[in-house]
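Going in written order, the chains are labelled A, B, C and D, and every chain counts its residues from 1.
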Amino acid sequence: MINRVVKNAEEAIKDIKDNMTLMLGGFGLCGIPENCIAALVKKGVKGLTCISNNAGVDDFGLGLLLQTKQIKKMISSYVGENAEFERQMLSGELEVDLIPQGTLATRCMAAGYGMPVIYTPAGVGTEIAIGKETRRFKFNGEEKEYLMEHAFDADFAIVKAWKGDTAGNLIYRSTARNFNPMMAMAGKITIAEVEELVQVGQLDPDHIHTPGIYVHRIFQGEKYEKRIEQRTVRKKD
Amino acid sequence: MLDKNGIAKRIAREVKDGMFVNLGIGIPTLVANYIPEGINVELQSENGILGMGPFPIEGEEDADLINAGKQTVTLLPGSSIFDSAMSFGMIRAQKVNLTILGAMEVSENGDIANWKIPGKMVKGMGGAMDLVASAKNIIVAMQHVNKAGQSKLLPKCDLPLTGIRCVKKIVTELGVFDVLPEGGFKLVERAPGVSVEEIKKATAGKLTVEGEIPEMVL
Amino acid sequence: MINRVVKNAEEAIKDIKDNMTLMLGGFGLCGIPENCIAALVKKGVKGLTCISNNAGVDDFGLGLLLQTKQIKKMISSYVGENAEFERQMLSGELEVDLIPQGTLATRCMAAGYGMPVIYTPAGVGTEIAIGKETRRFKFNGEEKEYLMEHAFDADFAIVKAWKGDTAGNLIYRSTARNFNPMMAMAGKITIAEVEELVQVGQLDPDHIHTPGIYVHRIFQGEKYEKRIEQRTVRKKD
Amino acid sequence: MLDKNGIAKRIAREVKDGMFVNLGIGIPTLVANYIPEGINVELQSENGILGMGPFPIEGEEDADLINAGKQTVTLLPGSSIFDSAMSFGMIRAQKVNLTILGAMEVSENGDIANWKIPGKMVKGMGGAMDLVASAKNIIVAMQHVNKAGQSKLLPKCDLPLTGIRCVKKIVTELGVFDVLPEGGFKLVERAPGVSVEEIKKATAGKLTVEGEIPEMVL
């Protein structure tokens, strides 16, 4: 097996440079690469384009990189719950490309699956469709219009998994999976941080969500906060 | 007049046995509380759940287990987890039978606007554009008029669109409306204590009222 | 949960009619729906179009349906090792559409993912490209030509899994996974036969390969032969 | 002159540390036996394996675990299993670094034919068309001439093509050849005991021989 282990987040991100394009896994604050985000803040790399479904909250997740103004452009589907984000966007400091969530997921998948473009009906007839090539196709017995959307082209993908092995194989836990598998497949260089790094042979090959071929660097992260954005509970019956 | 729970309760009747249902944020989320016993449905959450359960009992929240509204949830026995690409794949491939979501405006021909108020609110569309572009059966749960007192059932949407010609049914605090294939809102049921006149006054788009309109019994 | 259980293969395939299009999972004889194939032979349904990577061997797998001349057309990537197949093809009794294996897999995936077409470079410049729309795209920094290929449109998908639960969730074992997950997603009606059918709650939601939403009928198969096509071994060191 | 194992042994030298490699049926399969100690590679099998191991010990064959040639195999620690769509996805996305496969014919410009002899053999292309269309580094392992004694290194392929302008290197029983970007076969090494004259005679396509050609040492 090919060993993909690096020491820590600092080493994993050492060659991320100003003005690069990064994909970052996670949905809200769930399944985000906390250690790598902290290391990016510390490194101070600037002018980043970040492809991420959300932009974190003011003081956690990608919100940390927004506070330090390291992000030039966000490509996301939903950016609510973030006052600093809103301020930067409205003042024009931050470029924002809002795209449908399924389009975001599928453009990542396209990159990972070697498909230069995909077609989706999401956004047809809306401002999302402006300037985009459209085409009618029949699918499932129904003809309708689709938008042509391009595979993302990211320098790095940074993902968070639950368990990983030294060969880079990853297993996610529950809905912390979300965008992580597609982004892992889509990066030119993919960095994975995991809660638990194990030796090869300890993960069941049938349970691997992301095969190690997609993962160039892996390390065991530390001090996961795993903050909950909307704590909702019910009373015991 | 219905409150939020009333709207949810009425919509729950549209949920049939064996359906896979996606519930949006807000009133739609409440629908899950009113699905009748004996009706087996599975809730899909577009961040990657089939078979989503209720909120967890206090103390059992799991940061790794949330719904598309980022709320902590639980999994029912028989649930499955998948990535976002598969989630929207099953939405595009129309495996999800029913989508219930909120709206700011709906037009006579079924256009929906629910993601942006230019210059005011730009939180993003999340998965809404994907859902409305693909779902075969879309029910909108919303207030009949906005905070400024203007009707949200319009001849044409003023706000930026989320999707076109997609809404099939609308449930508001005033009643239940079918969106007709040829365009226009057809009044199907009145909310308890609401008159046809009140509904007509609150509806800016073309409203069809045929015969006696029954008052709903919840 | 929605109960997807049917009694047996006969009940599962009861509404498969002459001249329908079926997808059948498996690679060679590995991971094939043995029970459903037997039931199709017994039912005697004719004029079938079968989308399957291979065509079995003379006396097993889809070879059984070839013997009884129930198949009108095969859409496959590799059909070697099957004398009856060759005879029917050369005599013109059997229509055969040979397509690249990745194209076959991806056309199934496209159907399951609601994508009417996909682009692939496989077959560019070969006879496979004849009559197909081509287009140049840039991917991974390289511009090249791609073929447009359509999502499959199958009446039924018939797959074989290792374990399944009553809600239709499936888990495959080792390389018996192969085409089964994509085909399960692609059928208008999907039938799954499993070696072990369990109650809901017994499969880990994180380990499910095919969520039950894709599976319309599930049953526990019997008497799996699981024949090995090429038994290759080494001596103990 | 090399036998099949000699060809495999020579090709094994092209396999570098850290590579993900797809081996075709026949001679390419033998390459796995000759990868030097200390060179860590992972073998991809397009039916859905990364980290494929050797054939199983007698009695330990598993019908559910086969390679793309339908042979029983094993998994190494750290292997993973995936479906055919992901397998060809990683091939198209060029995550597999090296593809080694057999051929019936190769042309001067790197075209390859290996799946069909019209009117005679039509077994299908399997995954070969996908592999040659996407792989950045393709090495062909084959006999230099066919059973009729005709060269398989041609100005232009006669048989139906599998892919165009894709083969980078060829290893036959007679020697090692680079396919030049501008077209033509460049003789890189002679097999033990084989003369440049013999190679010239057996090569129908344009052959470039520059300076002294070393005899390979295995």
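Everything that follows uses one rule, which is that a contact is a pair of C-beta atoms (placed from the backbone, for glycine too) under 8 Å apart; a residue touches a chain by one contact, two chains touch by 3 or more.
Remember, it's a predicted structure, so these values are computed and weren't measured experimentally.
Centroid to centroid, with C-alpha atoms defining each point, chain B and chain C lie 36 Å apart. Here the spacing of chain B and chain D, counted between their Cα centres, is 56 Å. The geometric centre of chain A is 32 Å away from that of chain C, both derived from CA atoms. Multi-chain contact residues of chain A (touching two or more other chains) are listed as 106, 113-115, 120, 140, 173-174, 177, 205-206. Along chain B, residues 75, 81-82, 85, 89, 91-94, 134 each make contact with two or more other chains. With chains as nodes and touching pairs as edges, the resulting graph is of another kind, matching none of line, ring, star or complete.
Applying the touch definition to all chain combinations yields A-B, A-C, A-D, B-C, C-D. Touching chain B in their complex are the following residues of chain C: 1-3, 111-115, 165-167, 169, 185, 199-201, 205-206, 208, 211-214. Across the interface of their complex, chain C is touched by residues 45-49, 54-67, 69-73, 75, 81-85, 87-89, 91-94, 111, 122-130, 133-134, 160-165 of chain D.
Interface residues of chain D, counted against chain A in their complex, comprise 18, 20, 40-42, 44, 50-51, 75-82, 85-86, 89-96, 134.
Contact residues of chain C toward chain A in the complex are 106, 113-120, 137-140, 146, 151, 153, 171-174, 177, 205-207. Across the complex, chain B is touched by residues 27-31, 53, 76-80, 86, 89, 96, 98, 100-106, 108-109, 120-128, 140, 162, 173-182, 209, 226-236 of chain A.
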